[in-house]
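Mind having a look at this structure? Questions to follow.
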Amino acid sequence: MEILVCVRRVPDTSENEIELNPAGNDIEREELVYSVNEADNYAVEEALQIRDRVGGNVTVVTVGGEDDEEVLRRELAMGVNQAVLVSDEAFSGSDGRGIATILKDFVQKGRYDLILTGVQADDGAAQVGGMLAAMLDYPFASLVNSITEEDGKLKVSREIEGGNREINEIDLPCVLSIQTGINEPRYVGMRGIRQVASVPIPTLGASDLGVEKDSIGEAAAKVKRVDYFVPALSKGAEMLRGSREENAQKVLELVAARGGLK
Amino acid sequence: MVGIYSPSLSSEWLVPGRNLFLTIHVLGVACFVYIVAKRFVPLVRAEGDPRFDRPLTRLGKVFKFWLGQWKHPRYRFAGTLHILIFAGFLLLATRAFSVLIVGVSPGFVMPGLSGESGRVYDLITDYAATIVFLCMVVAAIRRLVFKPARYAVPAKYGKSRTADAVFLLGLIAVLMIADSLFAASNAAGHALQDQPIEALAVFSLPWMLKIAIGSMPLATLWALNVTAYLVHEVTFYFLLCYRPFGIQFHVETSLFSIYFAKLERGTLKPVRWGVPDERLDQVKSFGVKTFEDFTWKHILDFYSCADCGRCADNCPANAAGRPLAPRFLSIKARDYAFQHYPVLGKANNGKPLIGNIYSEDEVWSCTTCGACEEECPLLVEYIDKIVDLRRGMIDDGNVPQSLQKPLKALENRGNPYGKMEKKKADWAKAEEFQRTCKVNTVDGNNSAGTLYFVDSITSYDDRMHSIGRSTSRILSHIGEDFGILGAAEKDSGHEVRRFGEEMLFMALRDHNTDAIKASGVQRIVTSDPHAYNALKHDYKDAPPVEHISQVIAREVRSGNIQFHRVENEDKVYAYHDPCYLGRHNQIYDEPRAVLDAIPGLKRVEMKRSRDRSFCCGGGGLMLFYEPKEEQRMGVLRVRMAAEAGANVIVTACPFCMANIEDAIKVAGLEGTMSAIDLTELVDQHMVREVCPVKAMELETATCGG
Amino acid sequence: MARIFSYIVHKGDTVDDSAAELTAVARRIDPSAPPIAIVAGWGAGLDAVCNSLLSSYGEVWKVANEALDYPNAEVVRQALVSVLPPNSILLVPHDHFGIDLSPGLSIKLNAAFVPDVLGIDGAEGNSLRVVRQEFGGQVSAHVRCDITSGAVINIRPGAFKPEQVTPISSMIIDKSSAVGALTARRRYLETIVAEAGNVDITKHSVLVSIGRGMQEKDNVVLAEELAEVLGAAVSCSRPVVDAKWMEKSRQVGSSGKTVKPKVYLACGISGAFQHLAGIKGNPFLIAINKNPKAPIFQVADVGVVDDILEFLPELTNKAREMRGVAAK
């Protein structure tokens, strides 16, 4: 099976404190550490496991710049067969739809049976996978937490409310967005990255993909972020400021008054 | 021993006795040589291990641990038994040899043992054989009736060894009886023929047997003599050839496992001997994945394990119910070697070790506390093997998710918590603290004589900030010209290395070494025993390092630090030896001396202390690992303190502090038990008005007036 | 401005709470035109839903088709594309269905898409300004969306207070015939219900809920002891389940259970919206967290900044005293 995984380099939320920069127009990026989006990493692991089960090839692609190569290299160290960087000045400022357009043009340059993305990244949009599927006219399923292969089709389970799982059968080729926790990704250490340090990562630009210039970039974006801000704190909670004992006492009184402590 | 009728002259068999016994000799020796040669095969295929250096030191160890049986008395009863058996074997060796030769060459006497010396030797060995025989009986009773817990084999590890053990004990007993009967029947025969009788040691086994058979006719005595001889010879050679098939192989291999034993504590073997760090990228595979990835010494260790269970008995992971018991690491590997490198048949390639004879959890469960290595009478090494197995798993990407997060954080941020570098020195910058004690950062521009290496947990964990502050105040009080690296300091990498991530460790080590060199300090002090051990043993170019307890002890001795009376007279203190301060670096006395210098402080010793200290649960990455266990190690340790009558546990390691304070809560002992770090205790009791001379000279004093 | 449609999520004949929330959103976008409810489904349940919507939506478009019996986003999408007029604005709740449906739908409609909106600033001509969050809720962002050719807007459940509007007139328009053949290259097979577990947190009126702040599995017992003396149950947030400290059946949140207790103690929970999405009915929320800046304090009624590992035992002991049981 030919599998493509779309990945993205994002600020690592667990190792960063996200704050506004002094100018107030962006987040403070100076000391951020970046890594591959967590859900995308789960997607790559899932792709590798599928490949190891049924044979085939796993390719990872990202839309970005030089900085994003480190993420591609990390996935190469994880075991994918090839990694591609899609980069062009014309891409900058693209919104989610623009990115999906670029990826669609990339996909159409190759032949893939299965395309995976992580369910969402740091902007919480959860959109590129679904958009890509619609542009390619492939069936789509989001929040996938289990994949099995059956007679040339896939059986996927989606995570829905209450911890329930919605089981679907989906035709190939298709696009799936992968939820975290679907598997246990293998570890990639410094040694692994060093071993793939000299593997070439081809870069493709807008003309290589035949991307229509007016479908991408800032000019084409219909959705644009205006700024970042931290909302003025509403009144919020009434904070208890006594000693621990006093606070505990007050909390229990409040609980009792509302039916607890029976 | 002069026999009237030498067995070599016997003619009861189809062939003359001499030929029969010669044939048995030749067959027995040939068999043994062949078996040992086959046992050598995996050693030849294994990785190299340079153990041929420092012969004098190694001989010293042989004297102490092999000849001197140094570790054995740690288990009093079994140890005494073994010392007796071992001494008996050594003494009987020459006698056995003589007896064997006598069957081929009548009248053979060992050179140097003719005449008086021979007679004395015979008397001594009469008693030796008797004692060995009695020990066999006692040992068998112990195995069959009393069944000490440490010999038990849980079902998942295999079958019980009791039958095999009793079989071997029985065979040795038979050997002693055969030897004694041979001597007894000789003496009885001579007596009947009015020939010079060699004296048998009074009340020895031969002596008693002689009385039993003394009145039998000569023909019977002759028959007994020859039968005893044959039994002796066959049993001897059977044992010789049987030993390499089980734990009794340690009789032969122990000398070598001890000679080639590791000479340094606290160090780790490199990824591959002979490959320097710069060339590690060329190594195809890191760590131990298949059996042949072990070094020859490690395989020798597997052969040498006597399955005595002392290691597992002291292993804290085992006590906590984790799926790890060190002796089974050895026994399972040994069985694997026997199966895949059989004496009869071809050697065949095996599958990977993890998932077959070892489980992942088994290998991750180890805290590298060293209790097993401390206990083992054969000096079998475990930590290097565990680290090598982990290196293999890391290389294969097979790492539990709970460890992947802190490893990634270490790679990105230089600490397992993922906290920002610029916040590393925040503990020292807190306003209130800054007023009482100024802690400077050292780098290329500001230097100091001494570096206080704080390391990750003390820097980033709210609770441990107190240790950092107490240590700083102490250093300040004694007038130490010190500073910290601040944001330039990354995790020492001690556990990173012991969890098998060698490359990440090297990156951390190199970064820290550069920062230390740039700072221009001449020595290092730390309050973290893991950092201490790393700087001492894992870092190559670091300045000399001391643990804060050593510094305090020295200053107490010289009078620079004095204490006022202990604050709470009701408290009973128990000192818990951290593994990386105590066992691995043998710093037991300094912390105790410090505690004892506090007037009125009541201190008790836990049953398991010093080199028998019980690991708190482990430090560094071990804090993140989620083991399968029945109990926490910390809880077991806290109960030990309560048993000793203590209500305060004093420790000298921030990881011990974290585990023990946690354990106090989990055990439900809050209010009755508390924990305090040595530095905090010292900080609380230091007399500030006494201003050390050094401080006044350097005008850095923050003490007194 | 184009018409605004609310996609109505329903289970059988029950309308989801989001329907009322979407009404409020529509009014923020265009106060002049009431939104149209669009309901897809099949059979008697669908009819029941349409009827019950008449009291809050003036116009209800019914899209009935056997293939829509189970809300399969792949099929619903096709139906909506056939039915929606060009340049429409469609509001969809940002839940597991909205995530599945909307991105692809926006492409097929050639409309803009904005996910997970939690605030509407307003529309200026063809530009709509909304509020989103990024980085797990650590920062907010104003976003502009060009709605010239319409938009699909996913709304964060619970972010908008439901509004009940009594329409002047109300009618159900059956748009089923506009739907052509519906192909399904993704077919629904079944739903596997999560294991019940021995405690049903949805049935408890007081919940002691724990988050990552508990630090390790062995500390969960501190919450259990408190719950016992309060007559409550222990629930948790997703990271606790991921770390395998508690079963999935204890999880409160968008991918867990929805609870409606009277009192909710959030212990060591940061307040991520996926968790809060599972708390309905506006309970009395008490938050305890070491971090004074934790978002939970924005939505809590009462807050305590403290280490839960210390505070919970204090609560337990005090509670035991109050109940007359000897403190341990």
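A, B and C label the chains in the order they appear, each numbered from 1.
Here, contacts are C-beta pairs under 8 Å (C-beta built on N, C-alpha and C of every residue); 3 or more make two chains touch, one makes a residue touch a chain.
Quantities reported herein were computed from a predicted structural model and do not represent experimental measurements.
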Chain at maximum distance from subunit B, centres defined as averaged CA atoms: C
Selected interface, A-C versus B-C, where C-beta contact pairs are more numerous: A-C
Cα-centroid distance, subunit A relative to subunit B, in whole angstrom: 48
Separation of subunit B from subunit C, taking each centre as the mean of its C-alpha atoms, in whole Å: 58
Inter-chain centre distance, subunit A versus subunit C - centres from mean C-alpha coordinates, in Å: 21
Complex contact set, residues of subunit C against subunit B: 216-219, 221-222, 243-244, 309, 313, 328
Residue ranges of subunit B touching subunit A (in the complex, touch as defined): 281, 286, 394-401, 403-405, 407-409, 411-413, 418-422, 501-504, 507
Residues on subunit B engaged by subunit C in the complex (per definition of touch): 402, 626, 632, 662, 665-666, 668, 670
Interfacial residue positions of subunit A with respect to subunit C in the complex: 11, 13, 18-20, 27, 96-97, 100, 119, 122-131, 133-135, 138-143, 155, 157-171, 174, 180-181, 222-231, 233-234, 236-240, 244-245, 247-252, 254-256, 258-262
Interface residues, subunit A side, partner subunit B - complex: 12, 14-17, 31, 33, 35, 78-79, 184-192, 194-195
